[in-house]
Amino acid sequence: MAQQQQSLSDYAEYEHFVVTQGPAPFVAHVEINRPTKLNAFHEAMWHELRAVFGKLSTDPDVRAVVLSGAGDRAFTAGLDVTAASEGGVLASADAQDLDPARKATRLRRYIADFQECISAVEKCEKPVVCVMHGIAIGLAIDISCCADIRVCAKDTRFAVKEVDIGLAADIGTLARLPKVVGSQSWVKDVCLTARDFGAHEALAVGFVSQVHESKAAALAAAFKTAGLLATKSPVAVQGTKELLNHSRDHTVEDNLRYTGVWNAAALQTKDVPAALLSGLQKKKPTFEKL
Amino acid sequence: MAQQQQSLSDYAEYEHFVVTQGPAPFVAHVEINRPTKLNAFHEAMWHELRAVFGKLSTDPDVRAVVLSGAGDRAFTAGLDVTAASEGGVLASADAQDLDPARKATRLRRYIADFQECISAVEKCEKPVVCVMHGIAIGLAIDISCCADIRVCAKDTRFAVKEVDIGLAADIGTLARLPKVVGSQSWVKDVCLTARDFGAHEALAVGFVSQVHESKAAALAAAFKTAGLLATKSPVAVQGTKELLNHSRDHTVEDNLRYTGVWNAAALQTKDVPAALLSGLQKKKPTFEKL
Amino acid sequence: MAQQQQSLSDYAEYEHFVVTQGPAPFVAHVEINRPTKLNAFHEAMWHELRAVFGKLSTDPDVRAVVLSGAGDRAFTAGLDVTAASEGGVLASADAQDLDPARKATRLRRYIADFQECISAVEKCEKPVVCVMHGIAIGLAIDISCCADIRVCAKDTRFAVKEVDIGLAADIGTLARLPKVVGSQSWVKDVCLTARDFGAHEALAVGFVSQVHESKAAALAAAFKTAGLLATKSPVAVQGTKELLNHSRDHTVEDNLRYTGVWNAAALQTKDVPAALLSGLQKKKPTFEKL
Amino acid sequence: MAQQQQSLSDYAEYEHFVVTQGPAPFVAHVEINRPTKLNAFHEAMWHELRAVFGKLSTDPDVRAVVLSGAGDRAFTAGLDVTAASEGGVLASADAQDLDPARKATRLRRYIADFQECISAVEKCEKPVVCVMHGIAIGLAIDISCCADIRVCAKDTRFAVKEVDIGLAADIGTLARLPKVVGSQSWVKDVCLTARDFGAHEALAVGFVSQVHESKAAALAAAFKTAGLLATKSPVAVQGTKELLNHSRDHTVEDNLRYTGVWNAAALQTKDVPAALLSGLQKKKPTFEKL
Amino acid sequence: MAQQQQSLSDYAEYEHFVVTQGPAPFVAHVEINRPTKLNAFHEAMWHELRAVFGKLSTDPDVRAVVLSGAGDRAFTAGLDVTAASEGGVLASADAQDLDPARKATRLRRYIADFQECISAVEKCEKPVVCVMHGIAIGLAIDISCCADIRVCAKDTRFAVKEVDIGLAADIGTLARLPKVVGSQSWVKDVCLTARDFGAHEALAVGFVSQVHESKAAALAAAFKTAGLLATKSPVAVQGTKELLNHSRDHTVEDNLRYTGVWNAAALQTKDVPAALLSGLQKKKPTFEKL
Amino acid sequence: MAQQQQSLSDYAEYEHFVVTQGPAPFVAHVEINRPTKLNAFHEAMWHELRAVFGKLSTDPDVRAVVLSGAGDRAFTAGLDVTAASEGGVLASADAQDLDPARKATRLRRYIADFQECISAVEKCEKPVVCVMHGIAIGLAIDISCCADIRVCAKDTRFAVKEVDIGLAADIGTLARLPKVVGSQSWVKDVCLTARDFGAHEALAVGFVSQVHESKAAALAAAFKTAGLLATKSPVAVQGTKELLNHSRDHTVEDNLRYTGVWNAAALQTKDVPAALLSGLQKKKPTFEKL
């Protein structure tokens, strides 16, 4: 699919992600582009992920983003364990001599940096629709929890895999997944056992909101949603994303106060009269860039 | 249905809401009463909504409230956009000359007052069962999120409509909806796209807990639930509502502490021995007013 | 089932709970053991519950716990109301003369102590799988909300029963249940009405994650899950539990920070290389005690 | 002093508070006006206090408020205990028959309403300078903690008096005083012992920021400060008050986020160029009303 | 001084603390009793500290507590480093073989238990006046921060000493000290440098509220304050302590809500009319035990 | 002073800040280096500030940082208003056509970026001693509130100047200052009036912890403190800074939990035995880099 799309020139510098113009205006398509390795991530990749989404966040030509994985086999198989064990944070010559407190400092800095890279997907001001297929384990869950809307192909095999390599997931799954779905019994089950779960289970618990026959169908659906979002007022859409993200981590009272201050500026937009007028005229409104 | 009910005289002064005695003792029925305009709200209406629920909150003759919309077509179509554009916060003669900061101040005050009016439904100490049918968009979602239990007719057409008029919902939907249902993927979908969703989708995600064949059937079910609540100890029921509302916005630890202090007084009620005794005697207990 | 299991000698002192070695290594089985009284709780029992789970929490021979109720009829019928009314906090000779403020102090201390006993199940560092069957009302909900994973037999009859005896649940249900399942409309319904709900309704809202044909089948499934957990790295499993519990009560930002600090030590475990190696060698890893 | 000031006609309806035009433009002077009773408060007075400050909050002719007590003897002696015991919340005919839980409900509603009235001083969008003299006990501390800046005459006798009448202060002192001054050892001392403290002790711990020779001198100083505030941009001053109040109850991170959203509108004011220009021209800027 | 006091028989079992009846009714005097070792703490001592203050917390014969150190030389020199290095958490035979993650688990449990012991002083429902003299370093700061009121002799030598033995203070100083005094510049200075500071500096920053000529004078002053507290309504005093402790860790809004619920029961005490009556009659009121 | 110091080669690339080796080992000296413009900041400067402190944060050769301003006249006069008005966020050609909502978006992004740059001083893992002299207004307060310890020359003239240019301070002063000093009456006074205050007033309220005769003397004192910090265990010092920063924004309970997890790794450092041993041997310990 990506081949048919036009590459966005401002994003040509990136190596591990292909960023193309989606089929609808103002829609960007980001593909994790390491299909020969099941789109597994090494350190340079998550740094690039931060850069890509940081740029999309304020790019006035982008109003919605679709994120998917290149190739047929995987959204992403998560962390590239081989790369991690070879070039990891404690791989330098001097690291073996460090006492556990000093190793802990290196690890803490490393994790914080890694977390910040993945959080860039959540902090992107534009809504992100994540399309998953094939293998979607480990980091796949961390990343997709940062997206706003999740859809998948029916062949997707999910797992919060970290326990199986001896660690607690630390890049965001344990922070966000319990707030993404409704059943804590299920969250604890999949996080503690590291067991696989499929597309229909993901739909039943509300982790994804749509399941499609194939990756292509899932992508098409995501482009449709993203395309729809891109026709709306960007002031309204981006405000809604921000206020919902704020809502998750604040009390109702606090969110109402923040919302009032936010909309005190946002309601002064020309988009409101434009939207109202086009509603009366049954025409499609046009909105200025943001 | 409302016609057969007896109007509650203390509430006769209200113009936009009809408050009647429900079919069971201690149950009040509040109807949004502007059916010719699809029960759309103008400013006087939300101020009256606050007054009505403020009064119900401490009315000792009321132990449960059913809230519905008059007429066949709509629970409420939300904000009366025409009224809003004519007499809104920035409609006064001097408003055009204000700089954006001063306009923002007016808007902020206006939103805060509006929010407070709708929050009165949540702050009402008595449980509120909300019955929705027909059109239930925009403000309908803000209001129903403040109710305790939501049921609907199968013809209900819901939408978080605000994005379509160029703004982020600011009267409570974005603050409360993510805490009312389980799937954040779904919440973001309906809030960002402003798309319609029906009764069965609402049931599946947990937004409503019952779907009925018709408005009449939904109302009957709501009266049954409200009637049941009204037979219980009001000390127990109102305490449970307060503690659940506190729970949403606090940690488990904090809620346990607050609960202990709350029940230190509440457990001294005569309702506990009355309920225990009537349980042994298989009789219906009677509880003092509250 | 419990008969076939070997009693754990360190736990022989406990009177109201039978603690046996589960069918898999490192799995402990705790049974509420008052079947003639439907496993109803009196004060000595919840104090013992705290002691049992406090001990399990740091017992290096235990990596997962299954909690169930002895006998065919009930997980637990909750508080033993007769015992409570006879020997309760306000039953002493002098209590009748206390003014309401002094009674409130006694009640508050009593509730706080009771809450702390039940919270011991949640604070247990090892994952707890709760198996429910038959009657599971009142305290049954408080206790099971503290477990990590809930499964049940199809004959289970649940109820948040407190309102029916004139009080708001104060031992944890109102604090935890809204964070355990997704639909607040449903939570308020069952907490305010005190109505029964069955196994399939519990599954649909996500309160339990599995329903089985019988208590025996549910127990078997729980042992299977617990057995699986016990084969994993205890550093990973116990870390995951702690981070998920922290997540519930903190913002994403705060949880990420806490997680980074947690894993800065945890990642220095030998379990990571052990798990990676055994993954490559397709062998079962062995992990040191914790 | 108040005699020389012109009464503000919009505030003539109030009975217990005299509101006059201060000596400088845009400054309002509010006097507690029951000097024959040491300005002690009964219920009608605190309801009126809420009304007065609610009106001042959005009155475009007011940019700063000075609050003081009429007469020579007292800022306020606090609650009028006689009035409270005669017409209090539990004084009605039926109240004696209420069980302690129902009495608690009445008391809770009463306290919440009382708290909200006093908090109106804090919620007033305009800065409030509180001038204390003579007796300033009980409610005097609750009220003055809601002001922004506190000054006093050297004869002021302060006390957190509530413990001496058998209760814990519940109208705001225990919530706000620990956040108003630096030493918790001192806060606990004065709150637990109910002992008197004088003007110089109040200054030393930072409760007041100025001590003056007499009430007249303190009032003059307050008018000078208020007059100065009233010459500044009201967008800047009122924004600063709001952001400082938000800061007290939020983390630094949260306050920075809120501030960014607040100033996104506020910085679009014409007051910024007006202030910059007048700074260059060494002229006094004029600002539009707010 | 302690010699002249009568030992409280219920506390005779304790080995490391002498608990005597203070010179005024309802006042207990707790002395850290290891003067030959500068009252330095080993593990059995902090466990006993928890037990002592847990018992005092609900002892109806105690309304105020004075805490001091036996002997002339030290309030306490903090942790007994020799004991700690010999019998510490990692001193067991198997500890050397643990990987850093498993050592971290042991340390975390050990610290949590230690923290809980010291926090018992803060959680004691009765107000605690802490009297310091001589050496007061390390754990002395952790403990005294848990007291309500701090006084000292002028010879006291304070230090947040932990940095000097290679660690960050972890038993409460860093959590509480910044909330006990006003200047964060000073807090960071003494915590980061581990430098000594004297009584007058402690007074100037508000860490202590009184400095006396000698230990005896400080003790006498503490007994006077404690004696005064013990003449007041225990409902009022203990409520004030609880509400101030809650205030520190909650927003103003939250504390007001909690206070309203607390006082809904507390105001039903007979102490209020008793206090009011004795105020009119100029007599000393008598209050029931609590 | 800076001339005599050796420039740190790794920091030679920075243009607006001179980073030299302080007089003691492991101490870095950062000077704001635009003395001809009173060290006023333009946008490139705050971006560079972030880079400098980000680098210092993990530089193993740095254990403490002294921050001061070059020249005799000013620590910093704050924002370079001329530069801001010429090249500011709304200065681009298209900005005039933006509606207020879109301008607000640009401003919000700009403020967030600006805040993040200044917060880098607080986030620097090494303790920062800030030395102020001469003019220290506006941004000077924002920046110095991010430092750990503040000292100043007696000629320093401070002001929270923002209100005088028509805006509320938005780069951190209103978020941090109320948590840096004890008296909120004073904080509101200086923030609302924008008045000057001097070194001794700053000392009295606890904003600075030392006042010296001259800039040179203040710098010498800062180097002495920083030099002392640099002789301590960096594990202990940096842990203490982190835990104190966490403490400010969290409850005591939360901070104790975080501290336990932090020290579970940190206590495994070799610095503890090294410090203990050198204490016994009366020798200066040497600590590994961090």
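As written, the chains take the letters A, B, C, D, E and F, and residue 1 is the first residue of each chain.
Please note the rule applied: a contact is a pair of C-beta atoms (placed from the backbone, for glycine too) under 8 Å apart; a residue touches a chain by one contact, two chains touch by 3 or more.
Bear in mind that the values here come from a model prediction, so they are computed numbers and not experimental data.
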If a chain touches subunit C and subunit D alike, it appears here
A, B, E, F
Figure out the least number of contact steps between subunit C and subunit E, where 1 means they touch directly.
1
Between subunit D and subunit F, which partner chains are common?
A, B, C, E
Ranking A-E and B-D by C-beta pairs in contact puts on top B-D
Nearest 5 degrees is plenty: how much rotation brings the CA atoms of subunit A onto those of subunit B?
120
Rounded to the nearest Å, the gap separating the Cα centres of subunit E and subunit F is 34
Geometric centre distance via CA averages, subunit F-subunit B, whole Å
49
Set of subunit C residues in contact with two or more other chains
100, 103-105, 179, 181-183, 205-206, 235, 248, 250, 253, 261-262, 264-269, 271
May I ask you to sort the chain touch graph into line, ring, star, complete or other?
complete
Quick one: in the complex, what on subunit F touches subunit A?
58, 98-102, 104-105, 109, 235, 238, 265-271, 288, 290
Please give the residue numbers of subunit F that touch subunit C in the complex, ascending.
250, 254, 258, 261-262, 264-265, 268
Subunit A partner contacts - residues on subunit C that touch it in the complex:
127, 148-150, 179-183, 205-209, 225, 228-229, 232-233, 235-237, 239-244, 247-248, 251-253, 255-257, 259-269, 271-276, 279, 285, 287
Quick check: in the complex, which residue numbers of subunit B touch subunit F?
100, 103-104, 253
Residue ranges of subunit A touching subunit C (in the complex, touch as defined)
81, 85, 100, 103-105, 107-108, 111-112, 115, 119, 162-170, 172, 174-176, 178-179, 181-189, 191-195, 205-206, 248-250
